[in-house]
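Shared chain: chain A. Partners: chain B in the first complex, chain C in the second.
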Partner chain A sequence: MIQVVSRPEWRAREYRREQIFQLVGALIVLFALTTLVVLLTKILLDGFARLNPEFFTSFPSRRASQAGVLPALVGSAYLLLLTAAIAIPVGVGAAIYLEEFAKRNWFTRVVEINITNLAGVPSVIYGLLGLQVFVRTLHMERSLLAGACTMALLALPVIITAAREGLRTVPKSLRYGSLALGATQWQTVRYTVLPVAMPSILTGVILALSRVVGETAPLLVVGAVVYISKLPDSLFSSFTVLPVQIYNWTTRPQHAFQENAAAGIIVLLALLLTMNALAIYLRNRYQKRLPI
Partner chain B sequence: MPNNAPATEVGAAYSRAVVQIGVSSRNRKRVRLEERLVRAFLFLCALLGVLTTLAIVFILFTESLSFFERVSVVEFLTGTVWTPTFANKSFGVLPLVTGTLLTSLIAMLVAGPVGLLTAVYLSEYASPRVRRVVKPTLEVLAGVPTVVYGYFALTFLTPLLQRFIPGLEGFNALSAGLVMGIMILPTIASLSEDALYAVPNSLRYASLALGATRFQTVWGVVVPAAMSGVSASFLLGVSRAVGETMIVAIAAGQQPNFTFNPLRAVETMTAYIVRITMGDTPHGSLEYRTIFAVGLLLFLITLVLNLASEAIRQRYKGARV
Partner chain C sequence: MKSRYGWIGLSCAAILVFTACGKPASKGNEASAAASTLSGKITIDGSSTVLPISEALAEEFQKQHPQVEVTVGRSGTGGGFKKFANGEIDITGASRPIREEEDAQCKKNGIEYIEIPIAYDAMAVVVNPQNTWCDTLTVAELKKIWEPAAQGKITNWSQVRPGFPNERLVLFGAGTDSGTFDYFTAAIVGKEKASRGDYTASEDDDILVQGVARNKGALGYFGLAYYENNQDKLKLVAIDNGNGPVKPSRETVLDGTYQPLARPLFLYVNVKALERPEVAEFIKFALAHAGKLAEEVGYVGLPEQVYELVSHRVERRITGSAFGAHGSQTGVKLEDLYKIEEASEKGAE
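Right after this comes the complex of A and B.
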């Protein structure tokens, strides 16, 4: 509880405590910074030497020095595009429904609570879901499509939340204006709300998708293969992605493979950085142009 | 009007919309049909989330049910030996549970205090300049893929700790837990900071006016007032630690030891699921079904934690001072 300080020795003690806490706080904050710097330095030191052109154009190999990330990189790109193609329409659609169409009733509440909870389900459980629904029941086998469907379900709650926030930035007056001109609700959304909300929706969606790129566990469960000898050429090809390749190299006992893992991590982080930079660029570029 | 571009843009959008709204009754019918179809599609999109949850619950329960026909629930929940892939099978899930608890506990011992102190420092002490550096740092830490943390734990932290702790195994709960703590630190720090930020300034002023120091104000008034938000963030942190897979799969080893010794290798529920699905366990066998039973247990634990966190947050939203 609060002590009212009156005696001088108490005051001195309180002053010291204040000073100590300031110091502790600063140290703690430094802790986060230091960790990040150490993490990045360690990875750069381990992997930088392996980053030559052949690393980007080679397939995985039993010899660490000849192994490369080509199929993993291509697989990650395909998986990202496919996941985006599934998750963006559905996610933005669900957001539009909840923000623009739904009445405040029990069903809407159930949907909302449900989305919050889905966001908290461990990703490995989505892997089990994908394994049973897409791989087994729908006979997609261990394919790119099964992986993308699983990742789309995983990304959905995040995309819906991001898109709803984007829609909420659009002022009500624009909607009233459009409706007053006789436009239907969908026409209002399509021609007035969406164009204005699009940049902030896109920003949120890109951030959500950047999680998909870094996700490993559900894809291991759904069956991204670890050793691959050709690039995926259809929706039903087997595939691998960067994080799975990194996992595989990390768990090999030979040190040379761990260097490969570090180099793979540099590629992965560069990819994520690009996506985040794109999101920030979009946000800054269009933020100022929001009317009213 | 501050800027003309958006106004004309919106204007153009309106005229497109207006052109679309036909006057003829055929056109009106078409518009009405489109409206109905779109609404149905959007509704289905929203429904998909509910279907996902139902599918998760259905799959976990049905597959577990056929597992529990062969193995009793009591044996599953109280057994201390977990060897489903051995010739001499035993299905006691406790080693996986203690493995999960141990790594999560270590993670929380890091992320709890450090997260709360970071939040307090950022919200009550830090200058805007410090905030501008620290907040993005936390965001970057939150965005690092977990497989990268796993690599860091295995190849950096474990060798480092082995210099100071002689008995530390190559795979161990300690370094996996510590790195997991760093992973959930941003979650706890940013949610706790939101809670502290929501405490009205009038409380701070009142406390300071009574002669309390800043330290006393922060720990005697502000933190207690934000306690529900802070505890909600802790619960969410635990839930994320329990559900985390890659760090523990890489750095904690994959041996289901029934132990609370952080220096030894352990296996968590998540790591077990990954190990079995990556191996060539035949589909439909009893071993294969274990992953769904373990998945169900994992799902229920995280669900309870998430619901509790959400309930606390809702209550605190209502009871704003």
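Right after this comes the complex of A and C.
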């Protein structure tokens, strides 16, 4: 028999505890948000004045007032697309294979453990790997392609893990239903499983790519330059990206460059927020269209 | 699937917009220099201290030769030499002369180089503005503060000089990967990279500026340009090298009295790359304009005489380091160093 405890002094104590816990939680959130707001306000105040059209259409310059983010912005956009083109097919493909086709044996288990571990490797290590493999061994030089291959390696573990999680949430009954109707395994994956898993796969992909946009260290190692006077026109062009440009500006003694850095950070933040918004939009759109 | 294509389309559209934005700028460049027919690509890398000069040189060079693509990276002095020795870049910037092992690596890979000093950089020793007791420091006192033996022992200003108040000594200095660190330790302690470890080290000089500005008992060192841009927050210390206290300035750096904390900055150019007309032209351009551009970005230009002496070295392809590939050295006047080289070369002929 269950005895319901209802002694008033106990309840009062539990109630107080809960109140204290709520207060601590609220304070922590407040602290985190205040820090963020202070940082963002400072960045906005410092950088907003520099956000004129010339800032977006100019190349870097020794004169802070004439310097702009054009090659960095274009470099980031190219790098992002190229990384996506490499990492998405490979990553989603690997996830589909591991989740839908591969037999569970020692081999897939080794692969799985490695993928999980790779997600935790510091990004600069990927930079060193990229420098040795892509830049030196495969003679890609310090090019956009070498950068994108390195960043694809960085994004792969995240994409694979997210895509597998997405595939795992698809109910078994849907697969059985499809197979029972005579569809092959590939048809089941293509027309039943993938569309359902798409929202979470896309979210994972875009979050992984957001990380790529914000990375500095591995690209510096692979050889992103800090001054460039031409936009990349091929896969083997030299390139620079927004975080590298910002990093370079923050290390200059003149205050005008700090304002440039702040303006650069605003541009990068806008880019990241756009990507995250896109992730949310795509997820919602797909979820609505699915008749489950 | 439709929205996915939409996304790709959106991205392509974005790129088209970016590239379209880029065109007016390059057109402007073409118009300003129609005569140049040089083309090709020049890759520069190396020291972050030299970077502002390389960037300024690249920017101005490009205005005259719009068909030449110049890229500048920042791998640090050591990282730059590694790439240079591998033949991956044409020119590397260095905030100290090349070291023996780096020179050996170049020789091993068959890479010959010409050493080109392009500017002076002075290091400033600074304290907090509230510090009323310390206006000058001797090199010996600085050594006492910074040598490895001082670690954990010299922690109070009263230990630095009798008469200094009982105030905690808080130290700020360059990160161990920088040429600034190499040079400071060589100049003050007497051995490259020999330093105490219990101080706030950062590659980001702004952190050092903030640190010194906030601690009454602080002492720090970094490039003079950082002092000049933060004069209201810092107090400059004059350095006594045995000939009376001297504050760093353009004059004291050039006449050689601000010693030992004034150092030359260099470009090292690959001799094979120098055979390419665009690289040769760039070096010529650098020697003609480095002085003025260096001043513009916060350094001290060399005396005209040095640029002339170095031009001769470049024309006659005199390779190797005038410093004998021994890394940082102090108290060297460049005009004497390269003159001696010239003389011995002439004697040898």
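To be clear about the criterion, the second predicted complex is superposed on the first by the 261 of 292 C-alpha atoms of A that agree within 3 Å, B and C clash if a C-alpha of one lies under 4 Å from a C-alpha of the other, contacts with A are read in each partner's own complex, and residues count from 1 in each chain.
Everything that follows uses one rule, which is that contacts are C-beta pairs under 8 Å (C-beta built on N, C-alpha and C of every residue); 3 or more make two chains touch, one makes a residue touch a chain.
Values in this document were obtained by computation on a predicted structure and should not be read as measured data.
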Chain C versus chain B on the shared chain A, clash or fit after superposition: clash
Which of chain B and chain C A:Arg285 touches, first, second, both or neither: second
First (chain B), second (chain C), both or neither touched by A:Val110: first
Partner chain in contact with A:Leu73 - chain B first, chain C second, else both or neither: second
First, second, both or neither for A:Arg62, with chain B first and chain C second: second
Touched partner set for A:Trp10, first chain B, second chain C, both or neither: neither
First, second, both or neither for A:Thr250, with chain B first and chain C second: both
Chain B versus chain C as contact partner of A:Leu220, first or second or both or neither: both
Partner chain(s) touched by A:Trp186 [first = chain B, second = chain C, both, neither]: first
Which superposed partner A:Ile228 touches (first chain B, second chain C, both, neither): second
Between chain B and chain C, more extensive residue contact with chain A: B
Against chain C, colliding segment of chain B, chosen among 188-196, 278-286 or 296-304: 278-286
Chain A positions touched by chain B in one structure and by chain C in the second: 220, 223, 226, 250-251, 258
Complex interface listing, chain B residues touching chain A: 1, 3, 5-7, 9-10, 13-14, 16-18, 20-21, 31-32, 34-35, 38-39, 41-50, 52-53, 55-56, 59-60, 63, 114, 117-118, 120-122, 125-126, 130, 133-134, 137-138, 140-141, 143-148, 150-152, 154-156, 182, 185, 189, 207, 210-217, 220-221, 236, 239, 242-246, 249-250, 270, 273-274, 277-278, 283, 291-292, 295, 298-299, 302-303, 305-307, 310
Chain A residues within the chain C interface of the complex: 56-62, 70-71, 73-74, 77-78, 80-81, 141-142, 220, 223-231, 238, 248, 250-255, 258, 278, 282, 285-286
Chain A residues touching chain B - in the complex, by the definition given at the top: 1-5, 14-15, 17-18, 21-22, 24-26, 28-29, 31-33, 35-36, 38-39, 42-43, 46, 89-91, 93-94, 96-98, 101-102, 110-111, 114-118, 120-129, 131-133, 136, 153, 156-157, 160, 174, 177-178, 181-188, 190-192, 195-196, 210-211, 213-217, 220-221, 223, 226, 243, 246-247, 250-251, 258, 261-262, 265, 268-269, 272, 276, 288-291
Of chain C, residues touching chain A in the complex: 3-4, 7, 11, 14-15, 18-19, 21-22, 24-26, 41, 43, 45, 48, 51-52, 54-56, 58-59, 62, 69-75, 88, 203-206, 223, 225-226, 228-230, 293, 296-298
